[in-house]
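There are structures below to look over.
Common to both upcoming complexes is subunit A, partnered first by subunit B, then by subunit C.
And now, the complex of A and B:
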């Protein structure tokens, strides 16, 4: 009965109600987007970090993984020490380098394509997912024998190479001498998706010893990052502290620490999400409060009659509250759909950030985000109805009836 | 090249190599425990460090520190001669590393870099045309070099901010849509509240056009007053944003600017929206016969 009355009252001024619902829908869309933004990038970054189960990353002291060109010396000794720890299940050393790839049929230096290469041990690596063909070699072959490498789609497209082609790869380009520090033949044996790289980025994976050897003294037994996976139930923080003490050339970064650093770097987006989300909520609240207050002012006579014939004050309050909540719920339902569309559009804009891994989403839909947005809107709807319902319930019946009758 | 220009080139190359040293994870530790070093007769080399490093490491001008390529490796003990403030460079905002400025030759020795630099910066005397011809001359003559315009490099390095700018624009469009609906709704309510006034005016013989003008004028005033308040809030918010983010990122960069263009756009958009909302609301009301507005 109360619900029917509330809905009929709203239907009486269709244009006004539709505009209010549209206003709330835009606010709700913005609110949902901001809730998604505030938690989405964090969640997707965490998912990316833990996807392969590595909980600890060692980077050159004072740096973040691949944030600089710095490398760590004595990588094999560090890997051996880590593997000797009982709580460590897997260790993967990675060396990053710029790689110059000659198109099939041409020599290095002639029409080369520049790519980012990682030197890995394919048996333990967590940097890429092999999509097609066979994996890279596990060890360096003889210097004069070709080494099997894996290319990203971006690099395959840029070089025009196909699986099975032999190409010339080189590192350490000296522009003055037009010479390379090291080069060798490579067979493109596989196609892979590199988890930490941007969509379409040119990348290659090659056996770690082969890449180290190509870099000469500059790459001898060096690694850019060492990733560590611990056994179930291991104390990651204790291991991190041990690494910090025992490996002076490295900074150990746990997933939690990495998340904190990402939070710090991307704090702008979280704060923006908080501010815009709050503003959206306030705008929706003000809109509904204004609308319902005006609506109550227009029908004080009706309310006074209802009260005069014995309708309880509580029922009047409920009816007005229901009006504001109904506008909020209708707007929220429309806004959630609109929010998903705008989130997709905004995510497309932010996906153009240079170097952003393809797996990172700024706007990640999670049911929790939708429920949070809906809960906040319903709460705002209830709050928006408090003032007009108080006003409606506290009308002096006799005086209002007299004023309305006299006009 | 004149001497002053050489120095400019040198200092820029020095700055770039300074960044490279930091990239190598070079540690800086207080050399207070290494006072014996000061007994050597050779004069100390001097470095400049950024003020964030000075704050975080508790360093002051005159302190002795050791700089090395590798953590714990052999390095040089140098004196801090100057503190420098970070440039207002957007590309450095999210980067947390410290900057140290060394003399070029010293850094080359530390890195075993030989007589090499990463890049030269060249300032020309006569503006864009001279820069263009200098670039062409370098690219034609130099072997192993490639000259680029500063503005091309700026475009390349500011991609991140172009993305952020597009994101802000998209958010701005959503905000404008929400504001337009809000304004239309409020104007509709305001006009609806005055049904009886409008009916009385019409019955007194005031033309629909005059009522329309009056309503639209009122809408324009409301929008202008709202804009004035919005500009004041925007200016205050901009000051707070700059104060807060300058502290967070420790940079002199301005994050939010209220410019004349922004003001003109915001105020004119707001008044235009107000006028449209007033027109729609008034037209809707004027279509109803005056007696019907009285409820008869």
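And now, the complex of A and C:
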């Protein structure tokens, strides 16, 4: 009956209660978004790294993968040494390069589009997902023969190329001489989604030997990153330490190490999320405390009568706490929906951040985030009810009734 | 809410001491007195269960014993002496009106009798329990089981229906839903509001609200019913109905103490205590001379 009394008391002042619930909902939405933000980017980055099962990445010493244009020499030897390790299941060397693509039917230099190209071995790569057509070549074809390449949607749109078209591609351009270097004919054989690239980014995948050859001496047997997948149960950290010792031109980065580095880089995000989340929680707390205190002050007579007819103090405390928690729960439920909508909207804005992989989400919904937000709000609801419930339960009965009678 | 707590069990013993009453589990229509003719539901003797109990008839000890009762209120350097040494007894089944000018200490006395305030000096013993010795939780449970309150301004819970208002003390006492629902209906029938149980207080007239408040006060079969100006907010005709209801309650065995300015209500009581300046100046039965005050 105390629950009934609490809920009906809230229902008596519908507009006021609804406004409070709406206020808490905004606060809850903000809190949920901040909880999602504090972990979303980290979680989605981790998912991106582990998606293809590569646990170790080798980048040029002192750099992060594709952080600079630096490359590692003797890539094939390094790949061979890694493949020789019993705990290694698969190795994929990748070379990054700029790529100039002439629109179909035009010569190089006329209406070219600049893109980012990766040289890969399609059999072991983890950088893209083929959506349509056939994959890139697995090895270098003869220099005068066209090479099969895979384009992103962005590059297809920019060049107007269609699957099966032959285009002229080049890896270098001298604007003074207006000359392209490392030219090659290529057949657009497939369409792919590049996991580590931004949505709409112009990208192409080409056989690693072909791209190395196009770059000439600059690309000979070089790789920007070498990705390693270990067998189940392998000690990744031990392998990483071996690489650090055995491959002096590379820095080995495990997924865990990468996550630590990401954590360091995202610490500002998390601090921001923590502060804004705390502020929204405090705002919700103050809102409910104020509302319930006003409500208690308005009905001190009722509460004194409850006490006079024998209702225990703890029942009064429960009733008032229930009121504040009910507002918080209703606000949290509404705020959950509002938070998801705003997170989606904000994610859309932030996804346009230049160079950010399309697979990265700033706001990643996880049930745990929702439960965390709900738990914090319920706790805040209980805390918000402490003062008004203490006030209600400690009313001097006789004096309150006398004052009410006079008033 | 529905569970009976240990302290309630403890108070159940106190209730028995206070005066036996009908079996708690009854919940159905109120028991009729021996020889009572079949009457409409509204005339059933819900409150009269106490009087119908053999122990109530046999127990000659006063229900309320007040001795040298004083209550001071701190008010700057000089405290206000609201009560200055009041002594009297109230027997079981009595109907006592406390009258006097405003500020004479009537309501203070009623608050002390209702154990919602504590005396500065002196003692009140109700149903064998001395109020000043009770801890807060004990006093709360005592009020729940032994005392029924009726206020001038009714003070029903506006969020609850009439039926739920009557159920409330029973729910607090841990009585089961079916039992309290049946008793709440019976009590509303008794006060003539059987058809208005689903109405909220705002949908009831002043007189109807006061009758619901009386039904609520009777919910846990209290040994003592206290009323503070129960007709103060009502028109003459409605006030008359409440006076009649109190008379019927008392006839059915309920011990009533009422504080009032209403002469009609005072005249309906069996005993009238006149107060002035915090002391009892006259105490007489309607059918007899002045009562001798206890020392």
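Annotations
The rule we apply is simple: the second predicted complex is superposed on the first by the 407 of 407 C-alpha atoms of A that agree within 3 Å, B and C clash if a C-alpha of one lies under 4 Å from a C-alpha of the other, contacts with A are read in each partner's own complex, and residues count from 1 in each chain.
Simple rule for what comes next: a contact is a pair of C-beta atoms (placed from the backbone, for glycine too) under 8 Å apart; a residue touches a chain by one contact, two chains touch by 3 or more.
Not measured: the values here are computed from a predicted model.
Considered on the superposed subunit A, subunit B and subunit C are sterically compatible, since they fit side by side.
In the superposition on chain A, A:345 makes contact with subunit B only, not with subunit C. Looking at the shared chain after the overlay, A:4 reaches subunit C, while subunit B stays out of its contact range.
After overlaying the two complexes on the shared chain, residue contacts for A:46 are found with neither subunit B nor subunit C. Applying the stated contact rule after C-alpha superposition, one finds that A:313 touches subunit C and leaves subunit B untouched. Shared-chain residue A:81: touches no atom of subunit B or subunit C. When both complexes are overlaid on chain A, the residue A:12 reaches subunit C alone and has no touch with subunit B. In the composite built from the two structures, the nearest CA pair linking subunit B and subunit C is 11 Å apart.
Residues 1, 107-108, 111, 114, 116-117, 136-137, 140-145, 147-149, 151-153, 155, 157-160, 164, 167-169, 171-173, 216-217, 220 of subunit C are the ones touching subunit A in the complex.
The part of subunit A that touches subunit B in the complex is made up of residues 13, 15-16, 19-20, 22-23, 26-27, 29-30, 60-63, 67-70, 73, 174-178, 248-249, 264-265, 267-268, 276, 280, 283, 286-287, 290-291, 294, 297-298, 342, 345-346, 349-350, 352-354.
Every residue of subunit A that touches subunit C in the complex is listed here, in rising order: 1-5, 8-9, 11-12, 301-302, 305-313, 315, 397-398, 401-402, 404-405. Put simply, subunit B touches subunit A in their complex at residues 22-25, 27, 70-72, 94, 96-97, 143-146, 159-160, 163, 166-167, 170-171, 174-175, 177-178, 181-182, 184-186, 188-189, 192-193, 245, 248, 284.
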